[in-house]
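Report on one structure; see the data block that follows.
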Amino acid sequence: MIGEILNPYYLQVASFVMINIILGISIYITLSSGQLSLGNAGFMGIGAYTSALLTIHLGAPIIVGIIAGALVAGILGILIGIPALRLSGVYLAIATLGFGEVIRVIFVNWESVTKGSIGLAGVPHLGRELFNAISGMGFDPDMLGLKNNQVIYLLVLLLLLVINIFLIWFFIRQNKSRVGRAFAAIKMDEKAAESMGINITYYKVLSFTQGAILAGFAGAIYAHVMGYVSPADFAYHRAIEILIFSVFGGSEVIWGAIFGATFMTILPEALRFMSEYRYMIYGTILVLMMAFRPQGIIDFSVLQWFKKGRKSKRGTDNGTGIEKNQ
Amino acid sequence: MVLELKKISKNFGGISALTDVSFTINEGEIFGLIGPNGAGKTTMFNVITNMFPLTSGEISFLGENISGIKPHKITDKGICRTYQNIRLFSQMTVLENVLVGGHSRSKSGVFSSVFRTKFQRKEESVMLENAKELLELVGLSGFEDVVAENLAYGQQRRLEIARALSSSPKLLLLDEPAAGMNETETDDLFTLIKKVQKRGITVLLIEHDMPFVMKLCDRITVLNFGKKLAEGTPDEIQNNQEVIEAYLGTEEDDQIA
Amino acid sequence: MLLEQLINGITLGSIYAIVALGFTLVFGVLGIINMAHGEIFMVGAFVGVMVTSVLGLPLWVAFIAAIGVTAILGYLLERVALRPLRGKQGVSHLAPLISTIGISIFLENLSHHIFGAGNKPFRNSFAEIQFQLGSITIYLVQIVIFIISIALMVALSYWLSKTKAGKALRATAENIETASILGVNTKRTITTTVIIASAMGGIAGILVGMAFNSVNPQMGLSMGLKGLAIIILGGMGNVKGAMAGGLILGIAETIMVAYGDSGYRDAVAFIIIIFILLLRPQGIFGKKTAEAGR
């Protein structure tokens, strides 16, 4: 019974949902301080290649590779973020798009390291490593009536689920705090935020870098789930896909990006037969959303509506009113 | 002496908005800055908070030269302002607006915020209490969870003052706080500014409502075409021939004379 | 050798300049970066392929067809992606950027769907005509491209500064509301702008087909990003800057291919974008304003 539900294909799709949620949060967190970065596909690529190269060539453990991938992306985020701060709005979007393309061109051309457009194969598989680890501890899939590869995919999914719960918790908490209020203030009125004593440079770089770290982290995990990476995985289309998560799901609240990433990962799988129209549908969605619901599906009022339902059941209210900001 | 301006000039591409303006504000006083439209009053605020860098001159605050310091650092030092065309964080709640005002008086970073350290929880509760007290002061108790843009105009003005007070300023700059208010609201504002003064906060305000200014201020400086025209007590200003000619003469019906 | 490279660079740069003119026109009037411009250019190129190679019709028919189709696309773009956002309360300035990205993705994948991913040859006997000047070979196409791009720039400058429609357009660019109060039909002016810009993209598409004998659905993206790089280089909304920026990029890329690493050719444009934005956001020909800080 359980063996039938845990179809490796579904598990794989669910894992991609998890990775895309991280990417959705990465664009959301940068947007939450009013900056649109289209460079997250580039940061994702940095994370993926860093981790892939470290694990393949230096034999580093996957965990080290993933952390290094996120860190390298973060450091690059700071380096790009500080000068890019002088730009805002459309100009920042273009500069970051340009950054993403430069990264892709480097991946294609630095053949001695990146193997060019073919990409890197043989990246250690996260699930298999996890499986070996628990087998070493004496676990046998048969005990649960499961096949080996079911367990492999299940382990990846469970790990990603834990990571995502942590990340969502982390950023909701951050949003409800002094840091989150500073981001929101900068987004709403940069000058007024500055005259309220907020160090705009610091908080903008902080949110840009957090976005870069998350994207790099998601990229590194992606590499170890797919088992190979190529420059095409981190091109313009990926940047657009990440943008869609937040534009469609909602850019005002973290749940918007989460919903967008989930929906936009499952939809193309559910509509496999029309997969060749996928990007045409994406394009249509972008145009329609901007015309009819620019804030995305999930916004403050939708969230408020959910909250009311919950409150009436529990009858609690912490009275601060700050939860609106999550 | 709280604020001392020494020969402040500000040019915008060859056009001088302020020319050699000097004045000093003493501790605890309510100081008025008046003048016809385009006299450079708001520019003066922007220069004091370093939103626009000075062309020449020097500004010292509590004996310390603050010209050229970043705007957010100036708030740290104890100067906070409101805007002529209200600039609230319009999609935040009333309470959140005031909490943002307290930014410079708090320290929590990412780590302490996310893991809610003891320090952070204490800080938040102090800020919350402080914010509620300020909302009470400006008469917005009970509006904590209202989104700022849904407030009435007069309430938005008062919220902006509460937000500025939340940064515990020593000097509060108010840019036309009475603009667009009716008589009752103006009276309330008068009381509020007096209360602010009682808390030991020095106030510098720009205002067009002359009876209000004359009643409220301890001293007044008049600007005209970016230059200082006169300075003195409300009585002296009302009887200053130059002010009457240059400024009031153009608005004959004004009640000031 | 160097001279030949220079001629190649000028040819490439002239085409870039035409693409950039379309970008700069829309930006100048609407303050919008039309991310779909590259794809409209690509559609123009495909129309050229269809008319000449598939239907076997003469080149001038291809030009007219490409201009017609891209003009219609421009009209649709304005109606579908731009007009619904205009004058609406609370719409972020990023909205037109995102909705034109939507159009660009749609068009790219539509032509991918219709024509497939590969290169389509643009067979044309005209492209074979060449001269020998000493040791250098010059193709007639190169001269034609250069002349067309100069002609377009001159015509556009004249139209903007001398004609009534052009003046209405500049008035609209200055301030939509004021222009509208003064009796300018701003709606029609904006639509005209987008149509003209798109048609110029279509012309550039055919020229690229002729010069490089290859057309594919992905060419719009890279050309679009290069066009962006050029208007950033030349100053947003600046016609002469777009022309100069196009030539600079064309020559820089050709030199990169000839003397550097050809793989990094496409990176030249983006590195230019990043550096210009960071060092001189108003562009090399732009006036110094606070605009770039928007």
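Should a chain be cited, it is by its letter among A, B and C, assigned in written order, with residues numbered from 1 in that chain.
Simple rule for what comes next: a residue touches a chain if its C-beta (ideal position, glycine included) is under 8 Å from a C-beta of that chain, and two chains touch if they have at least 3 such contacts.
This is a predicted model, so every value here is computed, not measured.
Visitor: Which chains are shared contacts of chain A and chain B?
Guide: Of all the chains present, none is in contact with both chain A and chain B.
Visitor: Select the chain at the greatest separation from chain A, using centres from the mean of Cα atoms.
Guide: With centres defined by C-alpha atoms, farthest from chain A sits B.
Visitor: Quick check: how many Å separate the C-alpha centres of chain A and chain B?
Guide: Whole-Å distance between the two chain centres: 43.
Visitor: In whole angstrom, what separates the CA-based centres of chain B and chain C?
Guide: Chain B and chain C have C-alpha centres separated by 50 Å.
Visitor: I'd like the Å distance between the centres of chain A and chain C, where a centre is the mean of that chain's Cα atoms.
Guide: About 33 Å separates the centre of chain A from that of chain C.
Visitor: Could you please specify the touching residues of chain C with respect to chain A in the complex?
Guide: 33, 80-81, 84-85, 90-99, 101-110, 113, 221, 225, 228-229, 232, 261, 263-264, 266-267, 269-271, 273-274, 277-278, 281, 292-294
Visitor: Residues of chain A touching chain B in their complex?
Guide: My answer: residues 170, 173-174, 176-182, 184-185, 188-189, 191-200, 206, 300, 320-322, 324-325.
Visitor: Using the touch definition from the top, list the residues of chain B that touch chain A in their complex.
Guide: Those residues of chain B that touch chain A are 49, 51, 70-72, 75-76, 80-81, 83, 87-93, 95-96, 99-101, 103-104, 106, 108-110, 113-116, 120, 123-124, 128, 144-145, 163-164, 167.
Visitor: Can you name the residues of chain A that touch chain C in the complex?
Guide: Residues of chain A touching chain C: 36, 83-84, 86-91, 93-95, 97-99, 101-102, 105-106, 108-109, 236-237, 240, 243, 247, 276-280, 282-287, 289-292, 294.
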